[in-house]
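Two complexes follow with chain A in common, the first pairing it with chain B and the second with chain C.
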Partner chain A sequence: MNPFSLARPKDHAATHALLTGRRFSLPLLKGGGMDVVDHLKEGLWKPDVVIDTRHLRAPGASAPISKDGQTIRIEAWATMSEIAASDILLKDAPCVAHAVGSAASPQVRNVGTAAGNLLQRPRCWYYRNEQFQCLKKGGGTCFAFEGENKFHAIFGEGPCYIVHPSNLAPALCITDAVVHLHGGKRASLPITDLYHTPDKGIRTEHNLEPGEIVTHITLSPAPVSGFYAIKEKQSFDWPLAFACAALQLDGSTIRSARVCAGAVAPVPWLLPGVDAALKGVDLDDDKALRAACAKATEGARPLSQNAYKLTMLPVAVRRAVLMAAGKKVEA
Partner chain B sequence: MVSSNDPGWNNGKDAGKDGVSRRSFMVTLGASAAAASLSQAAQAALPKGQDAQPESDVRGPGETSLTLNVNGQSRTIKAEPATTLLDALRQKMGLTGPKEICDRGACGGCSVIINGNLVASCMMLAADAEGAAITTIEGLSKDGALDPVQESFIRHDALQCGYCTPGFVMAGRALLDKKPKPTLAEIKKALSGNICRCGTYTNVFNAILEASGQPPVMDSAPGA
Partner chain C sequence: MRRDDIPYSMPTTNRPRNAGSAISDDASRLDAVAKVTGQAIYSRDRYLPNSLFAGFIFCPYGKAKLESHASEAAKKIPGVVEVEISGREGQYHGHTVGHVLAESPEALRRGLAAVACKWVREPVRTKIRDGELAEPSPNAKTSDILAKADHVLEAEYETQVQTHCCLEPHGATIDHKGESATCYISTQGTFAATDGLSDAIGLPRSKYEVICEYIGGGFGSKLNGAGKEGVLAARLSAGHNRPVYLFRTREEDQTDTGNRPSGLARVKIGFTKDGTILGGLVQKFGGVGVGRGGGGMSFPSGRYNLGDIQSDHDDVRFNGGAPRPFRAPGHPQGAFCEELMLDEIATKAGVDPLALRLNLENSGARKEMLELGAEIVGWKNRAKTGSQAGVIRRGFGIGSAAWGSGQGRTDCEVVINRDGSIEARTGTQDIGTGQRTTMAIMTAEAIGVPLAFVGVRIGSSNLPVGPGSGGSVTTPSTAPVMAAAAARAREQLLTTIANLNSADASEFDVKGGEILRAGKPFMTWAQACAKIGGEQIVGRAKQGEGERGKGHSDGVQFVDLRVDTDTGVVYVDRVIAVQSCGRVICRKTAESQIIGGVIQGLSYALFENQVLDRNAGSMLNANMESYKILGPNDMPHIEPVLWTKGATGVRSLGEPPVVPTAGAVACAVFNAIGTPVRSIPLTPDKVLAALAGGGA
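Presenting the complex of A and B:
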């Protein structure tokens, strides 16, 4: 790692001042630091100051996860372990707790934060390797397009084929989550507006302005919700495809559904076609359920090595729906 | 190159109308080390009541003193902000129990317990562990007696080359501190961030089951 200064601003205003002031030219925010230290070790980032944010408390912040009426609140600094073990989330938005609990290892979850998880950079091996000057790093080529793209996107128009790395974001996309901000012109942003596809901006995945800091996240309860990930190994691995589903049930009939897929596109991938097709489906009618979930791959354009995700994604969606409804899912 | 501790390099006499001199501006471009002093000078030149730079505690980029609470002892070292906790433990404090293996938080060899939570010390800045209770494998034994998890690892031959063992023992200890009688599934989940290249998992699981007062349930390797 190159040398850098380490700053602990006293509040969000001081953080904003460090980010936008003249004192440092390459400031870098960190939460738990898992992804930041990874970039520093690989030589991908050379900040002159790393700004710690874990101690910053937004007004009204009490516990890492709290609930007020019908609003659930996750602080930016809440660790992934705290989210995964939260009684509030396990009861009122289980897809969020399960998605986060499925990510990474205990060592990572004990340190990684909610905001850090949302804003971590992609795991594309070309992006992560200092040797490859890919589009994301100002180069002229997406090496994955003609190269090793087994773990890359099956949706999106390019020109970069990362999959978004966050497990948390797709779960938040089906629970009306709002990301609360400090330091910019706006106070908040719906989670569905937090990210952009690579054709709208190649260097970043998010739509935050310089100097904007995530303070906390609010979301609505989704007690009938579930998460299912398919991985090469079921522990401590990045998902090949996963899905989050939130349902409203009338007995065993789906009254409404919201499904978001992950690890298949450069952004959390909402599946409105599946939502519509699931409406009115009886969960015990396996054929109808499978037919609805098959719509998950509509519009997909796999790369040379990842067409297997076309088979996998409808399975992940169906199992997430069954998990949401508390049904048994094949191992 | 002008350094930040070069006396008088930016004493305000040559400051421009916004408090930043041409010379100090050039220094900012060239030396991040100098930037801190520059900004303080620039801030001092601003009119009163104009809070350009609210307070921030900034250290580095050079070595500063850092106090860590390791295995119940408060120890002060000199370290750069870029020093990882693992480097601080191994190279500054001589605690070589935590191992540097993958160096990316992927193998668990460097695991330590911080405020009761298992952490990969290779991916944590040492400064981020300030004020926390850090336990390394050196801190597990009490009065010369090994921790029950360590005893159980020996009894179950839960190691081959042994390089990953400190990490596994810490993961087992962290689990039992939170859950004294874990199921096998819970043990597997708690140890999922630790990799054993020799593949001694069966014996590791058995060791932790027995350390928690439960009978081993996995088939042991022949001869174990």
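Presenting the complex of A and C:
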């Protein structure tokens, strides 16, 4: 590990100044610091200053999670544990609480933050290994494409096949979430515009400009929403596939649905085809429900070792829908 | 505290299922508090004043030539003391080619980075199937058996590479003081570790001491003498006359400190319509990486009557780290193949797998254990293989193990001091089984005092010689000798008291920490010890004394699980582990040993897998995040059942509980879904492939 300064600026403006000023050439923002420490240990980042952000409070921030009228607000510094246990979210946007509660381990959730979860880097084992100069690190090859790609993407046109690691982002994508920013030309960005696919820029996953800092997130209530993840290991494992679903129900009939998948693409993967197919489906008609969920794999192009995700994804979607409706799922 | 009151064969009361007895109480591990509070000092915790820090330079690829390096530049990094390149070629990820020595861990990391090795990669082989595998060649007798059989099962069973994942990585801190040296090594053999050190240190054996008070994980890979780490640290410490600290990084520990090798078994087994197995061909391959041997699989195990088996084995080399002993080397992989094969035969023949095993089982004890385990797990609730519909399907499976009981060289001594304190001593180490606890219990019991009276000293080559912890011999070696030494110390004390009272020693006894004369309280322990002439009494005994454990340690395990057929995820609900180990010294640590074995077996069956990049040969999950190990949410209910019927002496318990588990899990998955998954780990992708028809 290389020496670096640790900064604790007093507010967002001072943070912005550190990020854009000339004093440091490789500044790095830190939320909980989990991913930062991983990168430092793996020799991937050599920052000259690590800027702690957990103490920064945006104007109007009170509790880590709050609700004002029909707007739910999650502060950038809210821990994953706080999000998972939030009464507001459990009642008004359970998919968000459940998605975050399913991630990582209790220890990680106790320090990991909302903004950190959204902006963490991918877990691809070639990206994480300093010996592999992959596309993301400025190299010329995606080693996963002809290598070990069991945990990689089945969607997207490449040329990089990471899956986006955030559990929170797909849940936010179906709750009209907006990411609020400080320090740039814009005050906010819809969550669906926060990320880009690798063909639109391979070195980063997000669309933030240098110096832009996430201050908080707002979202709309989605009381009938659910989350389901399929994991190899039930303790501290990255999902093989997961889905978030928000429904409007008419009795047991789906009036409208919004579904977003995770762990299958380089970005949170919206499934408009499934949304459309679910419309009018009676939740008690499992055959119809399964048929609608089967649309989830439309357009998927698996790699050599991850075709199993084609079987899994519709299952995750179906179970997220059932969870949203408060129905029992098999496991 | 009232162990003496518990008759030998009294069943334990709060666990009526325990099919035998625990002679001793439920003593807690003596060092439990020290371990969970951080007071226990592991070798890796030994940061000595004025220490230097050493680390290896290694190849990050499966096969590569070292084209260039900047070791001259690295030497100029502040704090770097020495840089040595000793090799030019790497044959596997982790292959060491030199070292850096520095004033601090930070300077060491900077120095290692500054060496900036440029490697030129070469094509690699990363698995057994990359090698040229011999075609099966049944001899005339085997061909005859197969021709005459009603059915022939043809199958290929595959197992993965499992790494030891010791929480405390391999390494040593060596303090060379000129005339003598102190060597803190994370080792499973304090005495074995002295081998090879003399040359490296340049001192006669009597002038140095190997110390390992606690070890953070010893599953076989720390049985290699002083290890590469100890030898280099010793050499550097001798050369620089300063302590040298050398512990592996996690990446190195995952690649260069051994593993359980992968295996491939091709079987052609002939059997009759009623499930009688006639014999056949078992062709095995062990994936030994760059190793020269060690890829053997215990298959057939000899536990079942499988008729005439022609068994062939080849080790296959590729660009991976060499195997080292790993908790029952060759056995879990063999048991996986054998147990699943038996279930496949049973299903084909329409025979219940339990009935098939009762028929084939060579041991009367294991037959009884099978019957008990079946009753506890509720075998009668098992649905016929392939008969279930529904998304969630339940499965039951069986595995078994047998383990001979050896002894290693052991001297023990028990000291009774004038202040009444007692110390039990032998130089062996505790790899986590509860060595201090069993020694203290044996000593307290033999003398007749409460457990709290006894202190224990272990983990040093300056103490009386003790066994290396390999082959599950540590407790069987030390327990009887410890008891004999304690009995001798007791005899000396009672003789002292008798002489002072001009009586015969046979009139005296010790019970519950009190001295009795003719069965009546005579004096307290402290009063008695105050009469010791000189400072202390020492009772000594050596290997061969005491009651030696005879025969096998047997085990059978039953797994009850669910398979989610939509996702392929396997949820293990219960494992019943019936296990014998001769006499049970301490029920809690014995059960803990069984539970630990089951956990490691489940982790092997379901998750663990060393992933080598097929093109570069690098281990992609050389950490403890993407190298997946079972966690708390994956824990089933594990029920250890100690079987002490006919127990004499103390037998092995370390390795056998890890053997049956993977086979039992595989059988249970087969029972649930109706298609065998012939490859571990049993990950969801493989289960889904089997369900889709691609698995068998």
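Points worth noting:
Operating definition for what follows: the second predicted complex is superposed on the first by the 331 of 331 C-alpha atoms of A that agree within 3 Å, B and C clash if a C-alpha of one lies under 4 Å from a C-alpha of the other, contacts with A are read in each partner's own complex, and residues count from 1 in each chain.
The rule we apply is simple: a residue touches a chain if its C-beta (ideal position, glycine included) is under 8 Å from a C-beta of that chain, and two chains touch if they have at least 3 such contacts.
What you see is a predicted model, and the numbers here were worked out from it, not measured in a lab.
In the superposition on chain A, A:Glu146 contacts chain C only, with no contact to chain B.
Between chain B and chain C, B contacts the larger number of chain A residues. Applying the stated contact rule after C-alpha superposition, one finds that A:Asp52 touches chain B and leaves chain C untouched.
In the superposition on chain A, contact is made by A:Ser235 with both chain B and chain C. In the superposition on chain A, A:Trp125 makes contact with chain C only, while chain B stays out of contact range. In the superposition on chain A, A:Ala325 contacts neither chain B nor chain C. Judged by the touch definition given at the top, the superposed model places A:Met34 against chain B, while chain C stays out of reach. On chain A, the patch touched by chain B and the patch touched by chain C overlap at residues 1-2, 105, 235-236.
On chain A, the positions that touch chain C within their shared complex are 1-2, 43, 105, 123, 125-126, 129, 131-132, 143, 146-148, 150, 230-237, 240, 305-306, 308, 311-312, 315-316, 330-331. Every residue of chain C that touches chain A in the complex is listed here, in rising order: 60-61, 106, 109-110, 113, 391-392, 562, 564, 566-569, 571, 606-607, 611, 613-616, 618, 620-621, 626, 628, 630-634, 683-685, 688-689, 692.
Across the interface of their complex, chain A is touched by residues 20, 28-29, 32, 35-36, 38-39, 42, 52-62, 80-82, 84, 103-105, 108, 111, 114, 117-120, 123-125, 127-128, 171, 174, 188-190, 192-194 of chain B. Residues 1-11, 13-15, 17-18, 21-26, 33-34, 37-38, 40-41, 48-52, 54, 81, 104-108, 110-111, 235-236 of chain A are the ones touching chain B in the complex.
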